[in-house]
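Next up: some structures, all given as structure tokens.
Across the two complexes that follow, subunit A remains constant while its partner is subunit B and subsequently subunit C.
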Partner chain A sequence: MRSDRGQSAPPGLKIAAAGGLLFLHLPILLIFVYAFTTEEKSFVWPPPGLTTQWFAVTWNRPDVWEALSLSVRVAAISTAVAMVLGTLCAAAVSRTRFFGRETISLLVILPIALPGIITGIALRSAFSLAEIPFSFWTIVLGHATFCVVVVYNNAVARFRRTSGSMIEASMDLGADGFQTFRHVVLPNIATALLAGGMLAFALSFDEVIVTTFTAGQQQTLPIWMLEELIRPRQRPVTNVVAMVVVLVTLLPILAAYYLTRDGDQIAGSGK
Partner chain B sequence: MTIAALNSNPAPAILPGSGGLRGALSDLLWRKPSLLLLLMLLPPILWLGIVYIGSLFALLLQSFFSIDEFSGLINREFTLKTYGDLLQAANLDIILRTVTMAALVTLASAVIAFPIAYYATRYARGRWKALFYLGVMLPLWSSYLVKIYAWKLILAKEGILTWLLAKLHLLWLLDAWLSLPIVGGNSLSVSYTGTFIVFVYVWLPFMILPVQAALERVPGNLVEASSDLGASPGQTFRNVLFPLALPGIVAGSIFTFSLTLGDYIIPQIIGTSRLFIGQAVYSQQGTAGNIPLAAAFTVVPIVIMGFYLWGAKRMGAFDAL
Partner chain C sequence: MTSAVSFQKVSRHFGSVRAVDTVDLDIVPGEFFAMLGPSGSGKTTCLRLIAGFEQPTAGSISIFGERAEGVPPYRRNVNTVFQDYALFPHLDVLDNVAYGLMVKGVGKPERRKAAEEALSLVRLPGYGARRPGQLSGGQRQRVALARALVNQPKVLLLDEPLGALDLKLRENMQEELKSLQKALGITFVFVTHDQGEALSMADRVAVFNDGKIMQVGTPEDIYQRPRTRFVADFVGSSNVLPPDFVQRYSGQHRWGSLRPESIRVGRAAKGDGVAARLVSANYLGATTRLALDADGLRLHAIVPAGSKLPREGEAVTLTFNREHLHLMDETA
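Take a look at the complex of A and B:
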């Protein structure tokens, strides 16, 4: 038991911490107000009036729906690929010690450790050297590459906590490797995988830097939004889409948090 | 009950072993763990090796090509001419501007992140601790473009910040700041100050999490011992907390520094017309069609981050990740 419990923080620290958190959250909340503004041409504050008409306008815009559908399809396939690759990698790295183990972790982390623009232009120049035309699959190729690390991180953390003796016990009781995987390993890592998958989905759904290099003329939702930011056509529609995007990414994040929460607290209590 | 009776009636929880090919394969993998390891590693290594490392090499290769200035075609012969172009004054300016911005953003993120991380580790308990965690995770995972867009709304001339300052009768402060030579401009949304604020905002959560992870490992009684021995809070911070949090700060700075070096969207939407490395890469490969120079430009952040990571590793920053 630590003796510092129940002490209250010095006021300066409280203010700095609260101020920092407000700085992180107020701008996002502002988006919610702007989605209802009656003002069309500028970003004037306070909004001259409030209306819900822009939701109907956005609903009837086919370009928004197309971009959304492409984003969801790309994110779904990339997440599936990343989950397979990330889990395999995590299993190999955490179960055994082998030569080059550190290199593997570095290889997985590299696509997000290096700036996105490098991944993007590298893929683009590879496509142009190999003369691969831009398609749905070129986007997926890029997204899956940097989504692997999210699944990998979640899976590695969980593998570290599940004890290897359970697998040996399962084998001792006569189960073969596949049965052990299906009935012992999978239930243990399932929530971590689900959490990793959700984060990977959110990452892919939101990605814009790599996508601008691998999409060609296709528009994912973030690319649609980038276009609107550079050359605005109908600002209120952008406001509404921004708000919806915030809400849509919120859900998988909260779900991922609740899925991994209990385990993390157990791990943290050992400190 | 005899042992024989027990054996003849195994518990239903134990599944029957599967024979045939599947069983044989399972046995083989159990007997040769290295084969299992190979099978597990092959798909990710093939994917990352071919798609990612292959692409990086393609990029590196292109940086040794050059562009024919008359025809605009890419000349596929080995040359260092493109790297020579990189050293022109205008391009060096871009590199210097980006690195300065990255350093300032990193510094500011560390200053803002520390109190949040420290409060969350030392004072927040139970429900509050979860709230702090989510309070950092949600902005981290919120849409990058939406965050930039929110700041465009805030920093616009007719936006909320001007309104707020007018209410507080502080508009003269904003005007004074905007009239300063380098950091100022027509409005905040077209100044370096604006770019700086948005960079700090967008990358701040990447700094908070590793700093918090590092602080979690500092036992609270170290801080108490320090004050028992007569140190002032400032001395405790300088001599105890800060050195122990440093690996976390360095780990966080890897993200803030690297992300700022490579970003081309933030300075394009909020900032001056002067280019950052990311924008230079983007315009060279896009409108200018000069892929070799774009490739050479990307080598700059790779080299900088290479040194940075090497230094960070020596400081033990990777343990705080």
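Take a look at the complex of A and C:
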């Protein structure tokens, strides 16, 4: 392909690009604006007045804190479980050949290919069959099924790119299995794990479908938001929460972007 | 004297494939030992058995008198230079070289000093701060060498280390490896499929085929006195002569080998010599390689460049010194 540097794109293309970007991001701005509206029963445009009172109201609502804390804990633990299992599985599949390797690889990826509603129903009936009461841990289990896939995919891609003889070289130079993992394997897959972990956390954080099937009385943040939309009062609280969530998640994602960008150069420099 | 490496009836099977098949081998301390053979002949598996990446299915291996079976690679005083160098991309050159000392718990100033010295030894002083990705193939090769040598191994294993280098660089590295080995006095075990490389560098060569050692000897032994048809053909593309042909010249019904450079090509004449016809001539620079047909037997001769050549298809007479006709062990 030819890149015509210095030559400007035709105006039609510019307008189309601007339109696409506006369509993607204008609704998000709208959510921000409604967080400041004085009208609490319904969203009307333009907002009749602007106020910051909803921030204080949100701060003082215990249900917001409960939902937020539950979501963070579920996402953190699902991600942790996924990082361990996903890495181990990726290492096994990419390092050794054994009977049923392709099948295992497919089975690991399947949960993300299946519609969430299938995973949800399957888990729900499995839990009730085994008479496991719905709890925090059933939500974690549900989320871990798709978090593992994300970590696994990232790790497997990186394992394929790292030379197998590097591990042998490390052992040859006197490092045992643990030292080899710490000094050679981990530094080479670290950025892939970080990226996989961030994605897994984000997926878990806004998951609705599987959660509705595997949660008991608890409300994760997305489920709390859904419920809140049906209620007639204090609607802008939802918008305040949404705004905070956007700001809080944007920062780590930007950080991860810059981290992996540098890291990829390091990891790829041996090729 | 204890052998540096000793194999007693060592086999390594992968399923039904006998990668290494009852091999006996003794490598003398301080020698430059080459394992030569085509790909799949078991030479690399033998190297990996010494390094500890493979365990023998049967037989026993000892390294300087110590039993090696079941000993993991990280507890052997043996280091390897890998075919793809296997440098660690996330570490700089100095940390790559110091890696072996780092995992053994040597202090930072001490191991950095040792690594600098090793880098000088391979003529890369001052390259410590670079990343492996910033080096050329030849430089990576040297770093891999320094990374192995810094551990002061008793045996250094080299797995086709020159395979990825271009011809000029390869010739330089051959000389350098040879003089490095002489200066350090470490036992080098070198795997290659290039017979020229094995003959020019090694003190002794083992020729592998189908998981077995065909012959072990000095380069001259291997080249001048091949014991089997395989060795004669693989090392220097000798003319392999069938027993019936050999009997006419030596009186013994055995397979023979005749070096292409031992054949003289003359005008067609009656009497002594082999009647043949020139099939083709390949100009190789210093020499010209002739393909000849002697009554259905394909022979090759190498003559100095500039010799007066017969035309293609022309009848010629081949003569050779009877001493140069080497009789091999095989009779059928």
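Annotations
Following the convention adopted for this analysis, the second predicted complex is superposed on the first by the 235 of 271 C-alpha atoms of A that agree within 3 Å, B and C clash if a C-alpha of one lies under 4 Å from a C-alpha of the other, contacts with A are read in each partner's own complex, and residues count from 1 in each chain.
Keep in mind that, in the parts below, a residue touches a chain if its C-beta (ideal position, glycine included) is under 8 Å from a C-beta of that chain, and two chains touch if they have at least 3 such contacts.
Here the structure is a predicted model, which is why all the values come from computation and not from measurement.
Of the two partner chains, subunit B and subunit C are each touched by A:Gly174. When subunit A is checked against subunit B and against subunit C, the one touching more of its residues turns out to be B. Using the contact criterion defined above for the overlaid structures, shared-chain residue A:Leu88 touches subunit B, although it does not reach subunit C.
When both complexes are overlaid on chain A, the residue A:Gly196 reaches neither subunit B nor subunit C. By the touch criterion defined above, A:Ser163 reaches subunit C but does not reach subunit B.
Applying the stated contact rule after C-alpha superposition, one finds that A:Val184 touches subunit C and leaves subunit B untouched. Where the contact sets of subunit A with subunit B and with subunit C meet, they give residues 171, 173-176, 179, 183, 268, 271. Subunit A contributes residues 163, 165-166, 168-176, 179, 183-184, 187-188, 266-271 to its touches with subunit C in the complex. Against subunit A, in their complex, subunit B makes its touches with residues 14-15, 17-18, 22-23, 25-27, 29-30, 33-34, 36-37, 40-41, 43-45, 47-49, 51-56, 58-59, 61-62, 112-113, 115-116, 118-120, 122-123, 125, 130, 132-139, 141-154, 156, 158-160, 163, 201, 204-205, 208, 216-217, 219-221, 223-224, 233, 254, 258-259, 261-265, 268-269, 278, 281-282, 285, 291, 294-295, 298, 301-302, 305, 309. Listed in rising order, the residues of subunit A touching subunit B in the complex are 2-5, 7-10, 13-14, 16-17, 20-21, 23-25, 27-28, 30-31, 34, 42-46, 81, 84-86, 88-89, 91-92, 95-96, 98, 104, 107-108, 110-111, 113-119, 121-126, 128-129, 141, 144-145, 148, 171, 173-179, 183, 199, 202-203, 206, 208-209, 212, 222, 225-226, 229-230, 238, 242, 245-246, 249-250, 253-254, 257, 261, 268, 271.
Those residues of subunit C that touch subunit A in the shared complex are 51-53, 72-74, 78-80, 82-84, 86-90, 99-100, 102-104, 131-134, 147-148, 151.
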